[in-house]
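As written, the chains take the letters A, B and C, and residue 1 is the first residue of each chain.
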Amino acid sequence: MFSILNYTVEHLYIVFIACVFSAIIGVMLGVIAYWVKYLDAIILTLADIIQTIPSLALLAMLMLIFGLGNTTLIAGLVLYSLLPIIRNTYTGIQSIAPHIKEAAIGMGMSRWQRLFKIELPLAFPMIFSGVKIATVTAIGISVIGVLIGAGGLGYPIYRGIQSHNPGLILSGAIPVVLLALLFDYIMTLLEKKITVIKK
Amino acid sequence: MSEFITFLLDNQRMIFQSLAIHIHLVIVAVFIGCLIAIPIGTILSRYQKTAKMVLGVVGIIQTIPGLVMLGFALVFFGIGKLPAVIVLALYAILPILTNTYIGITEVDKHYKEAARGIGMTSIQILFKVELPLALSAIISGIKISTVYIISWATLAALIGAGGLGDLIWTGLSTTNDHLIIVGAMLAAVIAVLIGAAIGYIQNLVTPRGLKVRR
Amino acid sequence: MIKFSGISKSFGKSKIIDNLSFEVKEGEFIVLIGPSGCGKTTTLKMINRLIEPDNGSINIEGVDISSVDTVTLRRKIGYVIQQIGLFPNMTVEENICIVPKLLKWEKEKCIERTKELLELVSMPYDQYGKKYPTELSGGQQQRVGVLRALAAQPPIVLMDEPFGALDPLTRDALQDEVKALQQKLNKTIIFVTHDMDEALKMADTIIFMDKGKILQMASPEEMLRKPASDIIREFMGKRIAYGNSQDLSAEAFMNTNVVKTTENKQTFECLELMKRKKVNSIIVTNNNNEFRGIITIEDLKKRGKIEGPIGNIVNEDAELIHKDIAAKEAFERLIETKRDYLIVVDDEKQIIGIINKTSMVKALADALWGDLA
């Protein structure tokens, strides 16, 4: 029981680190896609392609660079989580009513001021929903990390498979499913709350 | 580099075989998935209350990691292709089911009323109006399923189903970088290519009348 | 043709249709009108059994429709809805041919029929047949919607506020077309609207409903003359007006929307103005708004490109009348002189309007229907 708690904590830790990184990188790329017109298609297509790559394939390739262990898993999760965050940042800013942007320009705000005072705050609910999708997906995918030597709840699942022990598999699987549902639930609640405030 | 090419040439039979098995697994699983999901999605569109429940359960099943399901398949059905196909098909059902249901229920009710008003039977309305209008959404569901299944099929190697996962997996356990690169690259390439191909088909079967307003 | 006998319908606790009975003759254009929630759309939808009544019976040509299979019934009744409902996945041709195909017509016959129908609304098959609904304007879409309803030659056509979503000009054109089609093809049409102008224009018989009951069923003329209740009177609004038109002056009927310009304007400015206002002649005044002459597009064309002010080339040959002369006299002058319009001036010789044939029709309508209100 104690060990499952440990695996759960490690699992969450990996997902958390990955999501923080991918939120930072994703929002940056989303803003770049918004600012630089001809880059938007390239960035979004690339992120789309990365997400299409099978997870084991991506992790295996990353392993050749980062070696066995948590770093590879985190790198893989970051790459995977980029698409929803980039896309939501981009469309979130894009869909702000033109008159609001015009007003900001008219008041003499610089590009950065507009970004931090107007555009990002208004796009925040959408960005958050992107982070939610990324987090819930990452909780599921990180199970595979055990195959490239990372820790987390994938470990008991894999051990269970190897030893034909359904109980052991479940001991890892149930927390994963619960975590995914829990995060989905909590983040959906938060999402609704911030959306209401913004309106 | 030349070392890698020699490796490719030496092992080309095995590589092609893995690729073929992988694609075979995916096609069979997605095909079974379609056969089950499209009729059920269509029927559910007639029973919206039941549908909410079913889709809720489907959503929960979707959060179960593929590795877990494959693990259970191994424990209960043993090693081989069949358990892998069963699990993969199960996963393939989910996005197709959801998209079929949503595609049909989101057809504007005016079209359905017009269709009823001019004397179409409910079967005719389904085949001439609802399904054609939902087709794009259904194919989009098939695309999502296929890309997922290509990914999860790499894990199927763990329960002895073979495929590209076999190359990656053997590579990982014997630290053979060449094997890993070949397996991973091929898996990535077919996922991207097949995804793009289905997207192209989706565009192709969407009637011109539905594409004009974007 | 269609007979409602003692029809009632409730949704939950509210009674939508209350013991409704009426009869529609073959080839009649019936307009159902009334405030929203009066049951007009429900009444319409009972005819093709999209809604089933709780009590009573509806007969079409002596047959109780509840004994007819809904699909068979609906294929014999055309149906046009406000949202148009053309199937976006089908071309214009495919949309029109749906019912004929359901009825297993031969392919050539379907194409023939489509061509014939498109011809009726001046949308040539070669140009429009293969287009998709989204490639058409709203007015064209609804024309196709009407054609789809007519395709299998149903004796009855139901129309549920078919022109409600169109702009006024398009609506007007479609009203004329549908009315003409109905007379030409001798269809029985049941038409729902909340627009009294539309009802007066289209109907042979207007059925005015409120709270699920018929308040009045009468010809447009009779309804204007003897509205049966205050609600109807209110609906008619300004259309019931004027006392005795004999006493009325030209001013009462003139059109005040006059396109005019001053004599120092350049030729090309006048052309521009004509184009913009879509008229082929304009009235030219001096700077005091007194009549100087008129200029027609033919005049301008005949003279070719002439630079300089319009005042040099105006045609002074026009008929001026004083605003106080009797309307009757004004109309007589209009007919005698065979002019397009007469120019109405006041005591200070200021131009205040024109009298044309539209003014006459308006006066006639008022005289005919307005005086007994």
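To be clear about the criterion, contacts are C-beta pairs under 8 Å (C-beta built on N, C-alpha and C of every residue); 3 or more make two chains touch, one makes a residue touch a chain.
Predicted, not measured: the structure shown is a model, and the values here were computed from it.
Asks: Write down the pair of chains with the top C-beta contact pair count.
Replies: A-B
Asks: Can you name the chain that lies farthest from subunit A, using the mean of each chain's Cα atoms as its centre?
Replies: C
Asks: Which whole number of Å gives the spacing of the CA centres of subunit A and subunit C?
Replies: So the centroids are 59 Å from each other.
Asks: How far is the middle of subunit B from the middle of subunit C, if each middle is the mean of its Cα atoms, in Å?
Replies: Comparing mean C-alpha positions, subunit C is 54 Å from subunit B.
Asks: How far is the middle of subunit A from the middle of subunit B, if each middle is the mean of its Cα atoms, in Å?
Replies: 22
Asks: Can you list every residue of subunit C that touches 2 or more other chains, as numbers and ranges?
Replies: In subunit C, no residue touches two or more other chains.
Asks: Please give the residue numbers of subunit B that touch subunit A in the complex, ascending.
Replies: Interface residues on subunit B, with respect to subunit A: 60, 63-65, 67-68, 70-72, 74-76, 147, 150-155, 158-159, 164-165, 168-169, 171-172, 177, 180-181, 183-185, 187-188, 191-192, 195.
Asks: Spell out the residues on subunit B that touch subunit C in their complex, using ranges where they run on.
Replies: Contacts found on subunit B: 108, 110-111, 113-121, 124, 128-129, 132-133, 207-210, 212-213.
Asks: Can you tell me which positions in subunit A touch subunit B when the two form their complex?
Replies: 49, 52-58, 60-61, 63-64, 136, 140-141, 143-144, 147-148, 154, 157-158, 160-161, 164-166, 169, 172-173, 176-177, 180-181, 184
Asks: Which residues, counting only subunit C, touch subunit B once they are in their complex?
Replies: 48, 50, 70-79, 81, 83-91, 98-99, 102, 132-135, 148-149, 158
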